[in-house]
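Quick one: the structure is below, and I'll ask about it shortly.
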Amino acid sequence: MSIRLGELTQRLGGQLVGDSDLAVSSVAPLDSASHTDISFFTNPKLLAQASLTGAAAIIVSPANSAKIEAGYHGARILTDNPYAYFARVAQLFAEQVAVAPTAGIHRTAVVDPSAIIAPSASIGPHVTIEAGAMIGDRCVVGSGAFIGRNARIGAGTRFYSHVVFHDGCQIGERGILHPGAVIGADGFGFAQDQGKWIKIPQTGAVRIGNDVEIGANTTVDRGALADTVIEDGVKLDNQIQIAHNCHIGAHTAMAGCVGVAGSAVIGKHCTFGGAAMVLGHLSIADNVHISSGSMVTRSIHEPGQYTGIFPLAKNADWEKSAAIVRNLGAMREKIRELEKTVKMLVEKNNEQS
Amino acid sequence: MSIRLGELTQRLGGQLVGDSDLAVSSVAPLDSASHTDISFFTNPKLLAQASLTGAAAIIVSPANSAKIEAGYHGARILTDNPYAYFARVAQLFAEQVAVAPTAGIHRTAVVDPSAIIAPSASIGPHVTIEAGAMIGDRCVVGSGAFIGRNARIGAGTRFYSHVVFHDGCQIGERGILHPGAVIGADGFGFAQDQGKWIKIPQTGAVRIGNDVEIGANTTVDRGALADTVIEDGVKLDNQIQIAHNCHIGAHTAMAGCVGVAGSAVIGKHCTFGGAAMVLGHLSIADNVHISSGSMVTRSIHEPGQYTGIFPLAKNADWEKSAAIVRNLGAMREKIRELEKTVKMLVEKNNEQS
Amino acid sequence: MSIRLGELTQRLGGQLVGDSDLAVSSVAPLDSASHTDISFFTNPKLLAQASLTGAAAIIVSPANSAKIEAGYHGARILTDNPYAYFARVAQLFAEQVAVAPTAGIHRTAVVDPSAIIAPSASIGPHVTIEAGAMIGDRCVVGSGAFIGRNARIGAGTRFYSHVVFHDGCQIGERGILHPGAVIGADGFGFAQDQGKWIKIPQTGAVRIGNDVEIGANTTVDRGALADTVIEDGVKLDNQIQIAHNCHIGAHTAMAGCVGVAGSAVIGKHCTFGGAAMVLGHLSIADNVHISSGSMVTRSIHEPGQYTGIFPLAKNADWEKSAAIVRNLGAMREKIRELEKTVKMLVEKNNEQS
């Protein structure tokens, strides 16, 4: 379960400065790393930590390598993106200790005979798979998960326990759905008729690309007529709600508790802080970043960071600010009155002089 | 799977203008409808789409019918509420293609012998039903759902996968509970004693009326002593939290991520935008509409639309606004100073002239 | 199922004023209590209710006892914390009517032979327990729950249906996890590389202390390298998201829909109102109270109540306030202009006089 640095750079690239036979067996931050750990350096504020670290090796950019070598005399791997390199090293170690799921269908799973399950897939206890579903190579379906009619799961995708993936929905390869995620429940669509709500059948589905990760208890609703779409590489954290007919562009990431209302179209490479919200039918450009807790109430056409939260204060101070906010109209009126009076005074003053 | 227009109007009402033998087989919006589709027109901005649509028929109000007939020469169904009519047509088509669940209890379900299950009900794989529960005619209980002791499920109600419906709770007819909805978990009630929390047993239940829909991963807690109540026709979207002893009036609808704190009493025909929040023990009148992301901190006695969100801005602009909001007290003080000084100047000026 | 008041005070303390043979069989608020109920009095506003109550006995503080005895002539139990006493009485009654879960492993549960299950534990239908897990005495594991490899569950802890408790996580004694809670899913950690997200394996776990309650559909993520920690006595309501590497201090309570971003360190005895949010890597002192809907964007070092929400208003009024908030910079500029002009006028005025 250890890897020689020479093997690491052979597999992941980067330029090794140091002993290629030196072996590391785990990753750790600078301040807790021991002589069997590999660490990384990106933050100039941690220069002192780099000097003191016990790490066998540090992943570092060529530019920063010069900075640390005064204090740090261990091995270095030079690469332009040390944090991404560190992530890949960590993945290597994680793969080595991962318990490989057993291929095959657990005896307690209920699988419709017409479903097509790759022999290399692992279907866990208490799973239900309905007619016509297709489960790709090396998929792992955790205990109690439900896969509806004609759903399609791409190769290497993993569903943890209790994932619900409804009829007709599809996901690409290498996806990860965490426990309790619900994909393809009905969108929230009703017509009003004399004070009552008439349900609009939700006959679209959910189409999810490759390399998508969806967090625990996150929900993505099926479309009303057309599909809800999540493009390649999207990462959704826990407790997120994506309403019907949304379209989330590739490589966009959303932190926990985000909500996106129906038919919103979100660009590629966007990020959303926790609990950010997007109203329905809006359009958000590529590379837009929404701060945590902010409510997007209009379409955004320009890349950049957007925020809208009431600043936190001691409660007594907040009460004062909030009271004034409620009466900002009156304050504006006072300023207008002042401006008029002052203008008049200035004019008189000019006349007099 | 197609319906003649004559049959449609016979079943759903409305006045047909056009060939009663013309058949339609699905619903679609104006811009994507083909000659086998029926569409609807309510939004005057879509007049051009109505002229260009390929739809075999359009559902339209008598008032709007005149507007579209210049450009559109297909069949029309005239009705006062085209969108609700459209919803009902869509329901007809959806029923036709729906896969009827098999009546009976799946061999893997664990059902207490004292539970009473209607023979027409469908109990899915891996379901658990405890003692004394009653499941009505034509109910569908999805895979892995849990129904506690003495719970009662009215006729035609559907629970999707992993719904949890705790002991003593009840729901009326034609309800829909989406995957992962949890009804009747303990309310969040504690007494404090020397810095520790002492649990207050939650011995009430949840009572839900007819025609209620509850979204995926939404939670409705049981009452502390009395019941939590959800009246007829209420529609709750995904990821909503309804705390103990709330009372939600008939035909109120809440969008995703809404939270309602304990003992709040909400009127009939209200709507709540996504992520709106209501504090505990408040009372909200009928026909109140709360905007998305708004926090209700006091009771509301008048119908109308209410909002409270910090406007979104570019982050740099928000930082300026937020800094001023923090110091609104100082700004108000400056205005007072100005008012005093200006008043003094005006008086002097008057003396001088 | 009834208890004599003498037995009550023997078991729970307090000073009885009245007949020790009088029996009560349930708890109720003053206004609905009957002659078999015991109630409590803490709120001076309910003095009239105390006079009219049908309760057989009232739990009351010595100080308040004098106030109620003019109008109320039933039995009293005097104690310094009547509400906590009431909670304990309610617990006694609840225990009496509770249906004791059957010890043993349900025939449909799938339990790895290497898992160690206490004989007094109750493992429900459709449960999955993986290799090396340890389930303590008198634990109750509800239907469909999942317990991962080497997880440890302390004595007397209860998991309701569909709880997911991942590999390597641990919880102490007397815990309660409500349906759909997910403990130990991967934290949301990615490195960015040329516009794509590279997953950082989450190899820490979740460590939970004694007497912790976690609400329905709440999620607590496993740590990236170190563990996520929840100390003794913490109470989390429904739909809460706790991100990786958070540390929640003992006896802190969070209401529904709260979100805490990664690596936040929260003190002991804090409270969080519903939908409050905390950004990542912040530190919050002991005894801090965050109001509902408030976003914590900086570390808090002083105990106290903190708030940050935009005040609710009628929508038309809000639109005005929001428009001004957007332009507070311009308003501040106007005030500065006024101050300059007025200062100039005052100077001229002084010259002239």
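Going in written order, the chains are labelled A, B and C, and every chain counts its residues from 1.
Criterion: contacts are C-beta pairs under 8 Å (C-beta built on N, C-alpha and C of every residue); 3 or more make two chains touch, one makes a residue touch a chain.
All of these numbers come straight from a predicted model, not from anything done at the bench.
Rotation angle relating chain A to chain B: 120°, from a CA superposition, given to the nearest 5. The two sequence copies chain B and chain C touch through a face in which the numbers common to both fall below half of the numbers used overall. Rounded to a whole number, the gap between the C-alpha centres of chain B and chain C is 26 angstrom. Residues of chain B in contact with two or more other chains: 108, 126, 144, 162, 180, 217, 239, 257, 275, 309-311, 313, 325, 331, 335, 338, 342, 345, 352. Those residues of chain B lying in contact with chain A across their complex are 27-29, 81, 83-84, 86-88, 90-91, 93-94, 99, 106, 108, 124-126, 142-144, 160-162, 176, 178-180, 211, 213, 215-217, 233, 235, 237-239, 251, 253, 255-257, 269, 273-275, 292-293, 309-315, 318-319, 322-323, 325-326, 328-329, 331-332, 335, 338-339, 342, 345-346, 349, 352-353.
Put simply, chain B touches chain C in their complex at residues 108, 110, 126, 128, 144, 146, 149, 162, 164, 166, 180, 182, 185-186, 188, 190-193, 195-201, 203, 217, 219, 221, 225, 239, 241, 243, 257, 259, 261, 275, 277, 279, 291, 294-298, 304-311, 313, 317, 320-321, 324-325, 331, 334-335, 338, 341-342, 345, 348, 352.
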